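I'd like to ask you about the structure that follows.
Note that the chains take the letters A, B, C, D, E and F in the order they are written out, and that residue 1 is the start of every chain.
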């Protein structure tokens, strides 16, 4: 029954996405005893211009190399 | 006032999406007596690689024909 | 596989919520040919103070009877 | 810590999106005293065919010029 | 930067929720090389009457013991 | 037409929530030229045990005073 929505910026590979789906499902089953067949995981990928941290888009933060104090990753 | 978010995998036609919007709005009006003019419905379409069930992406499940016990549709 | 999130303000009865779940599921099956066993619907109820339209909370709009032009229902 | 998801139809420029991210972050900091470095804003753009109001898609409403009473903007 | 929303029905213990937060964060760091300090996880707990599968609420499914073919867990 | 979902931890006052709704609506109107009557803002308040940053719940982070490097606010 659980449903997990993952929001990230674009750039994950298919292998990484498959690993995420597998790993999150395994957690739901192991920790909460959920039925894997009814555990859904979706991945939402945002463009860097559509994700803001500290008032700036990730696109700008990356362009300026200003990622030290803000953890844009 | 109600807001309904529909998450599906890609592949619905324009006609199907229009029917969904109409049908869900009709339900909100009939069952909850909501004002149709303020009833919003959005449809979010995910790539099969970005939707996982039972720890596998829908893309893989379809490729392998493993959809019997898992209802990937 | 579909997942539908319904956002409303508090106040729906159990019967209304059951009807919504049934009606939306029926739409997903009929229009999109989805498997009912994997169709999930969740209902999120918000307090009127936590829902704003036109810059005012539904709580205020209702208290002031200002619901004509704004369709707060 | 706050997270804000903005849902709009396609068509905003990069400048508008940057202004939104900046403005919403500034509100979270000023009104709620949140730390800007942990304030995230994402923008989700929907196609007009995937957004319905009053039971019709924004795409149709625009095509028919029926936007007066419904505020499809 | 990632943000993960977990939707479950009520009933998880504090320990289980803490484990979920820890486990999901660890996945985001290990698989996607994300910065843990900017990885957010939220848990949304729904009442069984507000979660439907196959057109019935989880509340009803549990009351009737009809959970075999539907995996309401 | 826009819809904005704000996710915060519990603790905002009614005045702060009203200010947020007003401020965000004003931004959508000013920056994107949206119609205020169709601009919806909802506020979702999470318990500190249900929000995790860096793999720990905000509840724990606060109890331990570990908020310097992590910006749990």
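In this text, contacts are C-beta pairs under 8 Å (C-beta built on N, C-alpha and C of every residue); 3 or more make two chains touch, one makes a residue touch a chain.
Nothing here was measured: the structure is a model prediction, and the numbers come from that model.
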Counting one step per pair of touching chains, how far is chain D from chain B at the shortest? 1
Which angle of rotation, from 0 to 180°, maps the CA atoms of chain A onto the equivalent atoms of chain D, to the nearest 5? 120
Return the chain pair with more inter-chain C-beta contacts, choosing between A-E and B-F. A-E
For chain D versus chain F, which are copies of one sequence, does the interface use mostly the same residue numbers on each side, meaning over half shared, or is it different? same
Work out which of E-F, D-F or A-E repeats the contact pattern of C-F, with more than half of the residue-numbered contact pairs in common. E-F
Dist(centroid_CA(chain A), centroid_CA(chain C)) in Å evaluates to 27
For the pair chain B and chain E, the C-alpha centroid-to-centroid distance in angstrom is 19
Give me the residue numbers in chain D that touch at least two other chains, ranges are fine. 1, 3, 7, 24, 37-38, 40, 42, 44, 51, 53, 70-71
If each chain is a node and each touching pair an edge, is that a line, ring, star, complete or other? other
All pairs of touching chains? A-B, A-C, A-D, A-E, B-C, B-D, B-F, C-E, C-F, D-E, D-F, E-F
Interface with chain A, chain D side, in the complex: residues 14, 17-18, 21-22, 24-26, 36-37, 39-45
Residues of chain B touching chain F in their complex? 1, 3, 38, 40, 42
The answer for chain E against chain A in the complex is residues 1-9, 12, 16, 19-20, 23-24, 27-28, 31-35, 37-38, 51, 53, 58, 70-73
In their shared complex, at which residues does chain D touch chain B? 7, 44, 46, 49-57, 60, 69-71
